[in-house]
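Letters A, B, C, D and E name the chains as they come in the text, with residue numbers starting at 1 for each one.
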Amino acid sequence: MSGVPLNWYLILSAILFCLGIAGFLYRRNIITLFMSIELMLNAVNLTFVTFSYKFKQVDGHIFTFFVMVVAAAEAAVGLAIILTVFKNRQTLQVDDVNSMKN
Amino acid sequence: MPDSFFPAGVEYIRFLPEIILTIAGTLIMLLEPFLGDGKKSGLGVFALISLLAAIPATALAGNNPGYAFSHMLLVDGFATFFRYVVIGVGVLCISASFQYLRRENQNSGEYYALLLFSVTGQCVMAASNELIMIFIGLEISSIASYVLAGYLRDDKRNNEAALKYFLLGSFATAFLLYGIAWIYGITGATNLDQIRYTLLNHDIEAGGVLVGVSAALMFVGFAFKVSAAPFQVWAPDVYQGAPAPVSAFLSTGPKAAAFAIFLRVYMTAFGPISNRWEAFVWISALLTMIVGNFGALRQPNLKRMLGYSSVAHAGYVMVAIAAHSQIGVAAAMFYLAAYAFMQIGCFAVVAHFARQGEKYVNIEDLAGLGWKQPVTAGLFTLFLLSLIGIPLTGGFFGKFYIFKAAVDSNLIWLAILGALNSAVAAYYYLRVLVVMYMKEPGDAVETSQPMAPGISFTLWASALGTLLLGIFPSAVLDFVRNSSSLAK
Amino acid sequence: MDAFFFLIFATIAVVCAINIIVQTHPISSALSLVGVMGSLAALYLMLGAEFIAAAQMIVYAGAIMVLFVFVIMVLNAGGERLTKRGAYVRLFGVPLMAMFLGLLAFVIQAALPRGEMVRFGGFTRGGPADVGRALFTQYLLPFEVVSVLILIAIIGAIVLARKEID
Amino acid sequence: MNTLDLVIALPLIGFLIGLVLPRDNPETVRRFTLGFSLLVFLVSLGLVGPYWHASPSGFVFETNIPWISSPVIHYHVAIDGISLWLIILTTLLTPICVLCSWKSVQKRPKEFFAFLLLLEFGLIGVFAALDLFVFYVFWEICLVPMYFLIGVWGHERRIYAAVKFFLYTMTGSLLMLVAIIYLYGRAGTFDYTAILSQLQSGALALTYPEQFYLFLAFFVAFAIKVPIFPVHTWLPDAHVEAPTAGSIMLASVMLKMGTYGLLRFCVTLFPNAAHRNAGWIVILALIGIVYGALVAMVQPNMKKLVAYSSVSHLGFVVLGIFSFTQAGLDGAVYQMLNHGISTGALFLLVGFLYERRHSLEISAFGGVATPAPNLAMVFMVTMLASIGLPVLNNFIGEFLVLQGSALVNFNWTVAAAVGVILSACYMLWLYQRIFLGKASDDLKLHMPDLSLRDWAAAVPLMILMVWMGTFTQSFMPPITATNAQVLERSKTGVEVQVRNDFNVLASLKEIFRAR
Amino acid sequence: MNLWPIPIFPLAGFLVTGIFGRRLPKAVINAVAVGSVLLSFLWVLVTLRSLGNLETPFTEHLYTWIQSGALSVNIDFTIDRLTAVMLMIVTGVGLLIHIYAVGYMSHEGGYYRFFSYLNLFMFFMLVLVLASNFVLLFVGWEGVGLCSYLLVGFYFTEQFATNAGNKAFIVNRIGDFGFTLGIFLIWRQFHSFDFAQIFPAAKGLPVETSAGILTAICLLLLLGATGKSAQIPLYVWLPDAMAGPTPVSALIHAATMVTAGVYMTVRSSALFLHAPIAMDAVAVIGLVTAFFAASIGLVQNDIKKVFAYSTVSQLGYMFLGVGVGAFSAGIFHVMTHAFFKALLFLGAGSVIHALSGEQDLRNMGGLLKKIPITAATLFCAGVAIAGLPFTSGAASKDLILEAAYTHAPWMYWVGTITAGMTAFYVFRALFLCFFGKYRGHQHPHESPPVMWVPLAVLAVLSLAGGFINIPHWLDPMLPVHEAEVGALIKMAPFAAGFLGIGLAYFFYVMSPALPEKLAVSFGALYRLVYNKYFVDEIYDATVVKPLVNGSRAVLWKGIDAGLVDGSVNGVGALAKGAGGVLRLVQSGSVRAYAAWIVFGSVIVLIAIGLAGGVR
């Protein structure tokens, strides 16, 4: 066993990133949309960690760490926003939130 | 990497504006519970003072240029300039907010604190020399912005604006991050200078195409933040939905800061691969101008119209980036400053004129304002003329400088198309003038209130800025020219 | 062995990720997301990122996802309604995504040298100590600044959700 | 601070003072504006000084102070023989506009008069600027007050007209801006005189395509302003909808911005392109002359008629400029002034008629000469001037232009002279329909003759018409001296000269031989 | 001796009466108006006397009018023998007509206006004849045209008068079109406008090089002359111009202004002599006009119209004379014509005055007894124009016809026939007016002395003016035309004259019913001639209507409003439409926006990532 090619990790992360995009495009629930973004961030993290391995550096880890912190902060604020939206509209359907257009 | 990680004293000075603003923001949150409902404006005044205090701090930092905190920050003229801009934006927006917030019964310390923190984030962006700082600064600015956009939480449009801004913003940030990850993967560095060095020396195992991909992914993130086509879609919705002073803030401060990092990353880190992105920035600039200007043509809602116009103006700055030259950077810097003044001025008029619940934000509602409130209308006229690009206003000189940069870089067609776009833009700005001066006053104008001192300050200061940049631009021009050499 | 584990966890991650998209109820999606995160944590471990793997489990799968689940439960919004709106998004979504993925994969395959093999234990300096040292030396500033971010998150959450608390 | 600076600064000062005058006392505002504009006029007469005994061909009253260090922009103003008269024309017409707006502008007089002064400021600046950037600045400044004058104080379709005016002009001038910037890129300066000397010394050698595109950009901007045939449609609308003062300033001075620009910049900066493109430009001018006259003939609206007549008259100016002959250029410049005087007077008188009858339709009038003989007489003189009767001013200009063009291509002259015939047709017909015939009782009641104020506005123009027509040499020497230099400059590096092809003549020769 | 006072007196008169006239009493106006012309006349006399026999022209430089590079136009006055003749005619006849007008206009409104215009006319006419260069000549030329316009439209409340005025001006403009173009060509060729430089230069030009340009110049000048002197094709304005007061018709449209074309042609004789084609054109145009107008005159019923066509016809004679090279004869005819035609008009005016405005011959008759002085003077004029022996008309007309005979006999014969027609229509008018029974309803009365004294003076001149030997006087400066013809040729015009008078007497005195019958039996021809060959209608249908309607429908509505403005507005609408389409992108849906972002990122990936090549 000589291990796994680095590219596999990268392609995995690309796949996850695209699945995140897909989730964002195909789901209608705002929370699911948000989760799709989290998925994308996770994919990015995988890339960072992979490259960190490649360079035998810890920098990628640090970046991943900050992404997590940011994700946490985003989650707090994002969920609060979603709460207010729900409170005002009694819906989490993203397509219902389109009073402003054109 | 520095030998000693312990920061020297001067490095704190280079970080002084952010420190002041952070402390001030925190203090506001601490003081908030102790102040009664009627006295929240005091916090705003405090925020104003702290922002004003940050200006000499910025100057101080600017006088001690150099790296700070292990090359995380680079305080140079460029950073200083954008710090000035975003702090100035903060000042103008806060002062425009008092009356608005009181009218909406939402006058509280959090607003000012968030605004201060957002400005802090933008200052960090302006000075950051490291992708990680860029990311964090961007997130500080953005998350505060998301909240501000939805600040009036009982207002449906506010919620919607916040939600759209937040979801799409995070979505785009993911792309940016992915791009950062890739450039890290290729060069092993997140420091801009190092990336540039690596790319310049072709010191990479991977092909240039990967650099291109990461540049592209980061472009998505930046273009989204600056609302450049085809990533501008969110901007009109958000600027329309957010509270007017916040729209003023969102369409200037974060945008300026985003342009700052855009410029810095593209001019330094991605400078060596400019052959890959110049053409696309050209197209994007043109598209942005077209989408913004044409979209605004028949827009009845003033805020939304300004949103579109904000997109269009981002397009002009993109022209400067497409020029990819030192003068281009200078032009972009100058334009952003001028644009900040006039755009805030316009939104401040909206903030002044709108009633509770943002009634009367349609262009038609301004009918007859020119004669009922000649000063307001006169200043508004000045801002609109500046947005059109009439000489002796900052908008004109900015546009002139941008076209000059484009022409100098042989982007003559882009300059011509930009010029024609300006002519299109004149149409919808003129429409506002038509309504203000050439229609008879309606209900909206008849019931309008006298101007509050805060907004008055914003308007006059913006007008002063617009005129100064238009008539005596030399000082600012010299500054931007001297601080526009990013690629070292 | 490495390949085996990689394939296992990668498969779990992808399947869970697909499940996020397929499920119509957010709670199922949330649980699938936890699955993705868990398998990613395992992959991090394989890449030698011990600290990150732990943080992934604690912060992400633990704290953040709990928050998600909490909100889902509080709102009790139920499953999605199928609407006709945004049909063209469906139409163009798949090709767009496929192109995006295709591009990335092509670029990765075409441009990256494939010589490097990932082996468990090939990189061992990803422990808490190493990360901590980096954080408090070179990355001191972001570490400090990120506190502002968290402060904002707190304030923001308060501002937006105040009425629920009042 | 020389006289020119004073002349430029005074209107701006007046504008600023006007802004802070009390709103509730329109009489004060009127008196102030009248007094101030008269003051400006008197001061501007001082500009004639250097031309009193001699006619220097260069620039006088030069002020050249740095404004912006980089890009190098200097506040560089000066006048020569051409701008001298155009400036004085501007300062003369402003008090006349004040007079004619005295009673007709009741709505928000304060702003109206303030804008009038601002307009004067911009116009004077345009004619004095020697830095391309400064020129552009003034050029655009003119746009704003005129936009408001039309849009706020105009007639029914004023908004459409104002916006159309603004956008038309803006589109052209933005292209010019790009060209100016490009030129700066090549020459390293915005300074007109510096660029000229670079061109002359060969330090700046533009390739022909460069010249052509630059020329085109400038030309389009100026052509719209002139206006030259296919881009003229803003003019009738703007004229018809503008208030009297607006029409006067627009026709008399603003249109001259275009022709002035052609003469000052297009011809001298890009001589080669100007020469090579003179052919089609002249064709456009000729179309404008004939076409404008024909369309004017069938207009039911007085102002529209005069507007189209302007298209026709300005065609002569363009023809003169692009004939590249001394006579043509002199005639063109003189014709600019003439048109300023006579068409200004026409609009003034149309304004008088409108004031009395509140209609611009020709059919609303008839027999006005009976109740208002003086008005009829003044109109007659103006009309005669406008159709180019000798001893009145327009004749000189048209004559010189036609003579100039005849030296180059006689076919041009023939075509342009057709316009002279037609001008008589439409003006006489207009006069007949308005002033002659039997007056209805209703019209008699509402048609008082000229008041003292009306006289005051009209008489200076009448005097000038006769003076300029009979004692041309009071005005011509500075123009000639300057044009001689323009002509000299317009020969720099010219490869192709438009030259004569008089086919009729050749065929006559053949006939003679056959005999 | 200064020349400038000659035109300045009338100008001063014009200014005084024009500016202050409304407040001045009639007596003052009379004094100023008549006095100024009188002063001019006297000044001319004195000047001519002091200048002697004018062997060489006398030039007076006043000031430089236009100076543009090499092009220079001076206000210079020149007197030579030709000018002297013209000066005498203009001031002399002008003076008489001014005096006459005092009486004629005494009951009209706008008295001061009339005299100021008349004085202004004198000024321009004097400038015209005094001019020493083409541009100054053109000034006078246009000026008299203006005065003609003003005076024709003197009764400005009447539609027909104002129409006639416009027509006069515009048709003249068409002529001026040619004249100015001619002037431009002259400068182009000679680089001067001055007669004194052009003519010698023209003589010196080699034929081969000069023929083309000189022919062009002369044809263009001829176009100008046809306009001013009412020749085919531009004669149409003159009959209509009779709408003006009768003294105007006498002064402007008979004696002076309309002969300006002849004067100008003679003045330019040096050019014409080198352009044989142009000379032929002049002669043919003159001859055709003479015949054509005379034929129309045969059947007109308005007394002034008859004389108007007569004027056209006589002017044709003058052109014929000039065209065949008898320049001095042409000028001679200008003078004699000034006498008798002025007299005819003034007499007609006196008749009209007597009948309180009646102009239709059918409503006259038998006035011989009622207004004898007028009748007597008119018959003097009649015999002069008919060319009966020893009258002034005979002297000049015969010279022309003789010259024509030597040039081309057919011209002579046509001219002679025309002379017969002339005698016929003039006496037809006179017989209809003075013989038979009075057919009107007015109470005719003789005119006051202020009117009939000028008539009397002119009557004497008409009869005896032929003895002033103008051709001899002009010989030194104009090419001499030696015409030796037989007695038959000399006598034929007289015979034609007598024949014409006889026929007129037969038709209108002896058997007045006959013309009616003839008119019926030659119905078509009569109608054709009576309606002036429908020339006005043809012009209207082929030039005026298409021009006006075409301008309205095609140029204005079609091209201007439709095409040009339509495309401008179309661009605007298109932009707005594009804006509307672009705004559809902003559907408001988050997912759609996200799709845009993804779409954009794919594009960006391709553009930035792949565009630069894979490596």
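Some points to look at:
The rule is short, and it goes like this: a contact is a pair of C-beta atoms (placed from the backbone, for glycine too) under 8 Å apart; a residue touches a chain by one contact, two chains touch by 3 or more.
The structure presented is a predicted model; accordingly, all values stated were derived computationally and were not measured.
Contact with both subunit C and subunit D is made by B, E. Core chain by CA centroid proximity to the global CA centroid: D.
Among the remaining chains, E is positioned farthest from subunit B, on the basis of C-alpha centroids.
Seen from the Cα centre of subunit C, the chain whose own Cα centre is farthest off is E. Among the chain pairings, A-C comes first (most C-beta pairs in contact).
The mean-CA centres of subunit A and subunit E are about 96 angstrom from one another, to the nearest whole unit. Mean C-alpha position of subunit B lies 77 Å from that of subunit E. Here the spacing of subunit D and subunit E, counted between their Cα centres, is 35 Å.
Taking each chain's centre as the mean of its C-alpha atoms, subunit A lies 5 Å from subunit C. For subunit E, the set of residues that touch two or more other chains comprises 572, 583, 586, 588-592, 594-595, 598-599, 601, 605, 609-610, 614. Multi-chain contact residues of subunit D (touching two or more other chains): 167.
Within subunit C, residues 85-86, 89, 93, 96-97, 100, 103-104, 107-108, 110-112, 139, 142, 146, 149, 152-153, 156, 159-160, 163 each touch two or more of the remaining chains. Pairwise chain contacts in this structure: A-B, A-C, A-E, B-C, B-D, B-E, C-E, D-E.
Those residues of subunit A whose C-beta lies close enough to touch subunit B in the complex are 10, 17, 20, 24, 30, 33-34, 37, 40-41, 43-44, 47-48, 50-51, 54-55, 57, 59-60, 62-63, 66-67, 70, 73-74, 77-78, 80-82, 84-85, 87-89, 94, 97-101. Subunit E makes touch with subunit C in their complex at residues 589, 591-592, 594-595, 598-599, 601-602, 605-606, 609-610, 614.
Subunit E makes touch with subunit D in their complex at residues 22, 63-71, 135, 138-139, 142-143, 146, 149, 153, 156-159, 162-163, 165-166, 169-170, 173-174, 176-177, 180-181, 184-185, 187-188, 211-213, 215-216, 276-277, 547-548, 550-552, 555-556, 559-560, 564-565, 568, 572. Interface residues of subunit A facing subunit E in the complex, by the touch rule stated above, are 21, 24-25, 28, 33, 94-95, 97-102. Note for the complex: subunit B touches subunit E at residues 163-164, 167-168, 171-172, 175, 207-209, 212-213, 215-217, 219-220, 223-224, 229-231, 233-234, 236-237, 273, 275-277, 279-280, 283, 290-291, 293-299, 424, 427.
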